[in-house]
Amino acid sequence: MGARPSAASAWISGEMVCLFAVMATLPLWIEAAGLYQYLGIEIAIWMIYGLGFNLLLGYSGLPSFGHGAFFGIGAYVFGLFQAWAFESLLLGIALATVAAFAAGAVVACFLSHRRGIYFALMTIAFGQVFWFIAIKWHTVTGGEDGLLNIPRPALELGVASLPLGSNVALFYFVLLVFAVVVVALWRLVHSPFGKVLQAVRQNEERARFVGYNVWRFKWAVFSLSAAVAGLAGSLFSMAQQSAYPDVMSLHASGVIVMMTLIGGGFVSFWGPVVGVAVYFLARDVLGAVTETWLLWFGLVFVVSVLFKPEGIAGVWQERVSGVLRLRFADAPLRSGRTGDVSIVGPEHGETKDAIGQSPSGR
Amino acid sequence: MPNLVPHLLNGLSLGLLFALIALGFMLIVGVMELINLAHGSLFALGAYFAMVIIAPELSWLGSVGEGYQALPLAMRYGLAILLAPVLVAVVGMGLELCMRRTYGKKAEYGLLLTFGAALVIEEIIRLVWGPSEQYLQVPQAVSGAFLFAGLIYSKYKLFAALFAVFAILLVWLFLERTPYGAIIKAGAHDSEMVRALGINLTRLRLLVFGLGAGLAGLAGIVLTPIWGLRPHVGIDAVIPAFLIIVLGGIGSFWGAVLGGILVGLAVGITGAYASEWSLLSMYLLLIAVVTVRARGLLGRKSVLEA
Amino acid sequence: MSRRNLTRRSLLKKAGLLTAGVAATPFMGPWRYNRVYAAASDKPIVIGLTSDASGQYANSGASDRRGMQLAVSEFNKKGGVLGRKVETIHIDTETTPATGSRVAERLITRHECAFLIGAVSSGVANAISQVAQKYGTVYLNTNSSSPTESGKNCHRVKFVWDGNGTNFAQAAVKNAISAYGKKWLLMTNDYVWGHNTSKATRKLVDQFGGEIIDEILVPQGTRDFSAMLLKVQQAAPQVVAAAVGGDDQKAMRQQVSQLGLGQKMAWINNQQDWPDVYGLPIKNLFGVFGTTWYWKLDLPGVAEFVKRYQAAYPDTKIRVPGNVFYNGYMATRELLSAVERAGSTNNRKVIQQLEGLKVSARDRMQHHDAFMNPGTHQMQQTIYLATANAGTKDRDDMFKVLSQSSPAEVRDKGADAACKMESLDATPTYET
Amino acid sequence: MALFEARGIHKRFGHQVVLENIDLSFEAGRLSGIMGPNGAGKTTCFNVLTGAFKPDRGRVIFDGEDITGRSPDAIARKGISRSFQTMSLFDEYTALENVLIALPEVRGRGFNMIEPLAMDGEAADRAAAVLSRVGLSGREHRRAGDLAYGERRALEIAVALAAGPRLLFLDEPTSGLGAEATARLADLVLDLKRDYSIVVIEHDMRFLFGLADTISVIHWGQVIAGGTPDELRGNKWVQRSMLADLGGSP
């Protein structure tokens, strides 16, 4: 997941510019491509969600199977705020994000000292609890029917007020949020914090022994990721003008995992972006052709896990690095300077470690 | 204040059924350190296979087919309960062959593969048998109801609970009394040791996966007359299985049984007082237990935590 | 069959043409209201079918869709509507509201559907109708029977064709109290539809002198009913009124029939959708339940309608049409007739036609004349009570119709007050 | 007073007693050795001292402060740093990143979510210096997972060094190394000894005898002998083991 240092330290990278440019022109050609404006909004929203989610899955190695809960919390809080208080776009979004962060923070207290499967299972359990609450608490959430008639408040800029009623206007607003999220997360993953997260994923024990309080990092990243999910959820409730419990279901939470992985979240920052685009396009294009699109998609998914678990981004990186390798094939490998005290000797043969000291010998 | 005794008994029988659902899941998790998300789909597949065996479309076979259909239901049912899990085991083994590519990689890959497999199996079921509700016939002897202490109980439920006890004991005997069981138990904690014993790990995994899948199929057959049968019935099975394993402790046979019974009791008792909370009770139980005991009730340290 | 569905080939061709730029896209950029196209007579009328093809209601969704398609093909055989061919496009709504929203957006903005038809789940129906209202697209809710659909969540563009929970309760309660007794117990699916339906039942039970001794809430996703059924036995009511739907209901049926509880006390199931019970053993079909239509009603036209169904769908597993199919068919037929009467696909004109809709008993193949309530947009129709047809040899003849009630008798009286509809002027207008 | 002291440490796993009444003390500026055969409890002892396990009984005191049962990260932040026998690196990171992460100034900014780490040239220089000290110059941008075995051993030490420890624990640093590399490692440790207080676990006696100021011998979970290498040469057990180990030529 390492990027070139120059790209890593910049606010904006070449990839971002390309991505934003492509997405900014989307409303101009999406209909010509046989699709529709609204799809663009959903794709951009789920990309935000996916990027935030990958902070957990790809960067920290924490598989959450209940992340839909926070997406849903964002959606409900945004809707409820508009209904109970007053119509306000930015305040609603901020509140939704904070609420999801808070919920994430509470859940993370239970989760942060869990690892692997226990972590995954606890996320499922919490996800189900939130989902259950959304369905049961009908006086607040509207139960299974959902929270309806959520407005799309205008974007107030002091001098001007931009209505977001049309899908294109909302798309550009979501794109703006997306751009902010991309830049912020890009900074984050290259910051010391992001680097520590990746270190924790690679080797939690060592991270602890070099002095990091791993619990706090896990807690922080879970809460942050929940906040991003909540942000995406608030936008989704605007797009749909309603909030439904389904986005909190185990199935929906599984889908975001699937998207992130198909795209290649394990190997690339852009994995979830690719994955979301692929999933949505597959759903809309295949879904119109066959009612069993899920079967085909499932098969593709299985095959890709089997043969290309690094996902689409992995395939891409391999091809790019393959080209690079070819180009530099003749260049001699730089040899290390062997200092006086170096133990770096010629031998490469792996010797079997003496194991089996006591139960502690890992 | 309702009389609690029937609810406790009912919770217990439900718990045994939950334990039955969790058995196959437990074996696979314990030995292979793999969460088999396709467990639910294999569960459903077992029931569908059984349905076909009990009432097959055999008109193309002529008199042979008619002869088969004329056999008593109990016989066809017995055949189904023996044969369908074997067929599911074969499917499971096929899945295991696919799984092999993911060994040695991150545990998440196995999780994802089985997630995908669950999706595919469910869609195939839908394609073959249609999306609608199906019905699994059961022999007269175990259908109907009986009266006890003024209340009616389902005969089938009792039969299913007894069957679950029987299956649990059988698996236990297998684990305790056969060399295979000893290997599986060893494998559950130390694959290094299995290798040192000179056992073919590849075959062991195939066997375990087949066994786990077969048990899932068996649970499907037993539960279907209670839950009904539709393509997505598996999700109703995989989540409790998941929960029970974690509650009981990964890799622990008795943990799974205990976990199942506890969940059954929780659902049964909340059902008596506040039925609207009965499903949530499972999750709250899990969160409470795992918060206090990180590895579940009887769990030991697992590779999956790393 | 002449019905032109959007097949794989035609979609691909269409997409190919569009990307090749041969068919210039009519407009780019934001969706504009008031789009008025030259109503070229050769331009087909496109109807978006929004019924579920996967998820809980996949099966009912398929039945629903067959009903719509039969109606469409019958119109096309007669030469179309206003001289234009009617085309349908179906996209799966997955029994998921969020998907319903997206599909509605797609059908309206991308495929430029003139009308949307189809829903079984009230959540999905809500989601679709909200989007439809935004664009002014007329939407027919064919099979979702939550009272909120024509009450709290009604819309100017939405028309509801099924009887709702209140209607069915009206039909059942009075009779059941006199026939079975006054001690009632409610089993309520713990979500909006269940609550609303049980509320309606409770009110009626009180009104007719019955007594509710307990209400058991059934969480969605319940698979084991034994604890609740024990509770039912302990309470020993004379009548159990169940508002339990979908897979929960299927599981409950299995377990009630295993216990033989179906015979022990009277069961009233609010409504029984045909695809949910078709093919099940008759003993699973206990109690009394509501329906809007049955294929063996002794009325003119019914037998012939069943034949048309069988001719159109020789391969389907459900060999006779049921209420879900019927609702889908009737809704579509009445919509297309309304378009013909309006002489235009202009949405406001069509809405006005539908609001004034009156259908004779003969045309409805029901016992009473039916009409659209302009205040709630719900079809006011005959409601039947039925029970299992025990002892029949005909596997398809599962129901025994017990009684019928006229629209006036089963009227949902609260709906008019609850429904606050957008005005026609506030509804965007369009024509395709 | 000693820089680091362990008093009366007991540790058991289930019914198996692994450490029994262990007393150890390490002086500042010295190189202390712990040796013993495989299975003697050396690594468990290390794990207890560095916080991986909590002792059942006994005290661990660092610089006058009781650190018994503190978490590994808290102990690490006090200035105790360790390497691992089974190499424990951040395999996907480059050698430089491995060291960077361990630098105290980076650790101090662990919750900085905005400034890219790669922009911090000063930290990178310091990390490069650490790498150079263990002989890994030129390998800065290789992934740790791609390094050769000996290089990984060196990196293992570099990561421990990066924290700028007041006390450095090295867990079997020669494990898996050939004779030549072991000799080079000895040179490195001698070099480090000038700047750091070090504790080394080893079963390679020659290595330890050549380097250590004091040595404690652990066997059967107990400290059976302790002293300077010269003193220990007289110990019976040591003699027997050395004869076996070194072919009779100390």
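The first chain written gets the first letter, and so on, giving A, B, C and D; residue counts start at 1 in each chain.
Keep this in mind: contacts are C-beta pairs under 8 Å (C-beta built on N, C-alpha and C of every residue); 3 or more make two chains touch, one makes a residue touch a chain.
Keep in mind that this is a model prediction, so the values were computed, not measured.
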Considering only chains that satisfy the touch condition with chain A, which of them also satisfy it with chain B? C
For the pairs A-D and A-C, output the one whose chains share more C-beta pairs in contact. A-D
Centre-of-Cα separation between chain C and chain A, whole angstrom: 38
Measure off the straight-line distance from the CA centroid of chain C to the CA centroid of chain D, and report it in whole Å. 73
Could you tell me the distance, in whole angstrom, between the mean C-alpha positions of chain B and chain D? 48
I need the residues of chain A touching at least two other chains; which ones are they? 132, 136, 294
At least two other chains touched by the same residue of chain C: list those residues. 54, 190, 219
Got the chain B residues that touch at least 2 other chains? 126, 276, 279-280
In contact (per the touch rule at the top): chain pairs: A-B, A-C, A-D, B-C
In the complex, chain D touches chain A at residues 13, 16, 18, 38-44, 47, 50, 52-53, 71-74, 76-77, 81-82, 84-86, 88-94, 97, 100-102, 104, 106-107, 109-119, 132-139, 148-151, 153-154, 159, 162-163, 172, 175-178, 180-182, 184-185, 187-188, 190-191, 203
Which residues of chain C touch chain B in the complex? 54-56, 58-59, 62, 190, 216-219, 221-224, 226-228, 230-231, 233-234, 247, 250-251, 253-255, 258-261, 264, 275-276, 278-281, 284, 317
Partner chain C, residues of chain A touching it in the complex: 27-28, 31-39, 42, 132, 135-136, 138, 142-146, 148-149, 166-169, 236, 239-242, 244, 246-247, 284, 287-291, 294
Touching residues of chain B toward chain C in the complex: what are they? 2-3, 6-7, 10-11, 13-14, 126, 130-135, 143-145, 151-157, 225-228, 230, 232, 236, 267-272, 274-280
Help me check something: in the complex, which residues belonging to chain B touch chain A? 29, 35, 98, 101-102, 105-109, 111-113, 115-117, 119-120, 123-124, 126-127, 235, 239, 242-243, 246, 250, 276, 279-280, 283-284, 286-287, 290-291, 294-295, 302, 304-306
